[in-house]
Amino acid sequence: MNGVITWLTDPLNWSGSDGIPGQTLTHLWYSAISLFVACLIAIPLGLAIGHTGRGRFFVVNLAGAARAIPSLGLLYLMVLWLFPKLKGDSAFLVPSLIVLIVLAIPPLMAGAYAGVEGVDPAARDAAKGMGMTGMQVLGKVEVPNALPLILSGFRSATLQVIATATLAAVAGTGGLGRFLIDGQKIRDYPQMAGGALLVAVLALVVDLLLAVVQRYVVSPGLTGRGAGPARGSRRRSPNRNLGNTPLDVDIPSTTRTVDPQTP
Amino acid sequence: MTWFLDHIPEVLRLAWTHAYLAGIPLVVGLALALPLGWLARRYSWLYAPFTAGFGLLYTIPSLALFVMLPLFTGYGILSPVNVVIALSLYTLALLVRTVADGLGAVPDHVQNAATAMGYTRGKRFFAIELPLAVPVIAAGLRVAAVSNVSIVSVGTIIGVQQLGLLFSDGFNRDFYDPLVVGIIGCVVLALLFDGIIILLARLLTPWQRATGGRA
Amino acid sequence: MKLTKITLTIATAAALMATAACGNSGGDPLATTSSSSSGGAASSTIKVGSADFPESALLAEIYAGALEAKGVKVEKKLNIGAREAYIPALQDGSIDLIPEYTGVLRDYFKKGQTGTDAEAVYTELKASVPATLTVLDKSAAEDKDALVMKKSRADELGVKSIADLAGKADKLTVGGPPEWKTRDTGIPGFKKIYGLEFKAFRPLDAGGPLTLAALKNGQIDAGDLFTTDPSIAANDLVALEDPKSMYAAQNVVPLITKSKSNPTIEGALNAVSAKLDTATLSDLLTQVVVDKKDADTVAKEFLTKAGLA
């Protein structure tokens, strides 16, 4: 334990591009790109499924299978397959990014479609009754109402991506995983433990920031900061998800996939 | 493909080890998460520190945990027990919140009805709260099962033989067959766990089928 | 049958919970037994380990086969990911025997020794091995680190040895295992011994698939591969000479727990070492890595041909 503190407080470890700040930024950068790409794929898809109710079975099961792909195996496969096809430093990075994107898609998509699907049908009907088009219903009613679950999915994905981005070091790039691998190779366990601690702290800090964002982005009508939402069903009201860590989003979504009643 | 056909016994052996290394921690983690989740629900001031604190365990990279755990547990460095302990921690990390939320999802009027019928606190827990929380807990278990199957494959680093062995074998020899067989094996195993949990959850919640509704 | 297995596993889980709490160090309730041993008489069984790269697994299979041929009971625990795991495993009795290399092993046990030729390294190694362990005869087969370049790139630069890189290294990126960053076998060594400072260092793996891929695709100009690696010849790569012996000798040598060793075992393993040379090892490895044959099959064929089994 003392070794870890010594390692963490050694000024040498805080300087240079391969010091703690540099590797933390690299780690965040890899995580951010992966999450961005995953959002571009998963959220429109999730919204579309939630809105139309079409393709749900196929996509949900595909996402379930994707979730089951072991990251390490996928990384090796991507390195063997893609490395010869890529030029320059991208060859080291792209395989890891793909692994992280595959990891982030299922929770993001689950959040998006579960959120839209869970919107009170009365609200949707009212919007249609007011003459809104399908896109308007989606943009003005469904997305704002689904936002807590979408953000929950985003937090879940972020946590997993930050925790797993250490794998990038296995494929020859930077990030906090460097400290784990390098520490292991030279039997410098304080460095290894220090690296692990940094990953956990980074995940915690980012999650807290996202929790704050979530609080202020979500419509007051849903958070209870304004008038409470209609509570017609016994389903957990969305505001309960506010204080939750991300992984929670799986609960509503997966219970639904079990439900034989839903088409 | 021929590689797979030639190595079926080997793959099955690795898959079996993989299955119990991923499966036992589900049972252990759940057994630990139930009382902890109950505490978090019973004493609301415990909820935030418990759910956040245990959730944080999940962010400890498995590589570091596998290598350093033997230093703390005193088990032999190659002992699969280390993997089981590490994965039990991850399972626990995922399930404490799930259990707490699941128990909390029991509507007040149901609780009140049970109290009115003379149920003691203990009986209420086992007869009402726990069964009604099964769907939520099962959903959390499914996430944990899939996550465990994936993380077990990192165990090669400490010489624990499971499907992850096929990853490094394929990687080292630039040989897709074992690598792909290993990945597919993991996916199949994860889906099997998923199916078993769904089945168990259904068996434990007969009222869901009877009424078609959910608690 | 299946049910008893399930109850058994649940029972072990429960037992595990009970023992985990008090940090019991002896028990190993989940030990995977991969072969004949069925509890009891464990002391007469030799547990053979290996690292998780093809050559190590192959050598372990050869050792195991040779021991079995002499009637020794063998249990295999192959493909252990890291030396940081399998050496402690030898010391805590999880394994008893593992194929190793004289140079790296010497440096693992005691840093800062200076011998480079086979005999000197072996002598230093024998003096460095902890009291509970011992190394048997070294074999002539050697597999050492080499700085490898694409042949075309080496020709273009007019480079045949590491020393020729003088004045050129500052334009080259070098790749190697992560520990090269700090170890004398890596970046500090190139500077100290050859006066070379490379443009950049890229941490990859120890002579593994990443280094090979990065070399082939030009992400690195020079990288760490092992001399027996069939991929060097197969991919038109060339290993640079090492005139100042930066890389110490790396002869294959069995590392064994002293209390587990006996004359039969020593005889069998020393006979293997006597039959192995670099060309043979390289050829066997080619069968595993290039022809994708199983290590145990290749090992068996070798033992039969050599009259060891």
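Letters A, B and C mark the chains in the order given here, with residues in each chain numbered from 1 onward.
Definition applied: a contact is a pair of C-beta atoms (placed from the backbone, for glycine too) under 8 Å apart; a residue touches a chain by one contact, two chains touch by 3 or more.
All values reported here derive from a predicted model rather than from experimental measurement.
**Q** Compared with chain B, which chain's mean CA position is the farthest off?
**A** When every chain centre is compared against chain B, the largest gap points to C.
**Q** Can you check which chain pair, B-C or A-C, has more C-beta pairs in contact?
**A** Counting C-beta pairs in contact, B-C comes out ahead.
**Q** What whole-Å value do you get for the distance between chain A and chain B if each is reduced to the mean of its CA atoms?
**A** The separation of the two C-alpha centroids amounts to 20 Å.
**Q** Return the distance between the CA-based centres of chain B and chain C, expressed in whole Å.
**A** 35
**Q** Go ahead and note the Å separation of the Cα centroids belonging to chain A and chain C.
**A** Chain A and chain C have C-alpha centres separated by 39 Å.
**Q** Would you give the residues of chain A that are in contact with at least 2 other chains, written as numbers and ranges?
**A** Where chain A meets two or more other chains at a single residue, that happens at 79-80, 181, 184.
**Q** Which positions in chain B touch two or more other chains at once?
**A** Correct list: 67, 157, 168, 171, 174.
**Q** Can you list the chain C residues in contact with two or more other chains?
**A** 82, 84, 209
**Q** Under the definition above, what is the set of chain C residues touching chain B in their complex?
**A** Against chain B, the touching part of chain C is residues 9-10, 12-13, 16-17, 20, 23-25, 27-32, 34, 49, 52-54, 77-82, 84-86, 88-89, 92-95, 208-209, 212, 288-289, 292, 294.
**Q** Which residues, counting only chain A, touch chain B once they are in their complex?
**A** So the residues of chain A in touch with chain B come to 64-65, 67-74, 76-77, 79-81, 159, 162-163, 166, 177, 180-181, 184, 189, 192-193, 195-196, 199-200, 203-204, 234, 236, 240, 243-245, 247-248, 250-251, 254-255, 258-259, 261.
**Q** Can you check the complex and tell me which residues of chain B touch chain C?
**A** Listed in rising order, the residues of chain B that touch chain C are 3, 7, 13, 17, 20, 23-24, 27-28, 31, 67, 70, 73-81, 84-85, 156-161, 165, 168-169, 171-175, 177.
**Q** Please give the residue numbers of chain B that touch chain A in the complex, ascending.
**A** It is residues 48, 51-52, 55-56, 58-61, 63-65, 67-68, 71, 94, 97-98, 101, 105, 107, 135-136, 138-140, 142-143, 146, 149-150, 153-154, 157, 163-164, 166-168, 170-171, 174, 176, 179-180, 182-183, 186-187, 190-191, 194, 198, 201-202, 212, 214-215 of chain B that touch chain A.
**Q** Per the contact definition, I'd like the list of chain A residues that touch chain C in the complex.
**A** Going by the criterion above, the answer is residues 79-80, 83-84, 86-89, 91-92, 169, 171-172, 178, 181-182, 184-187.
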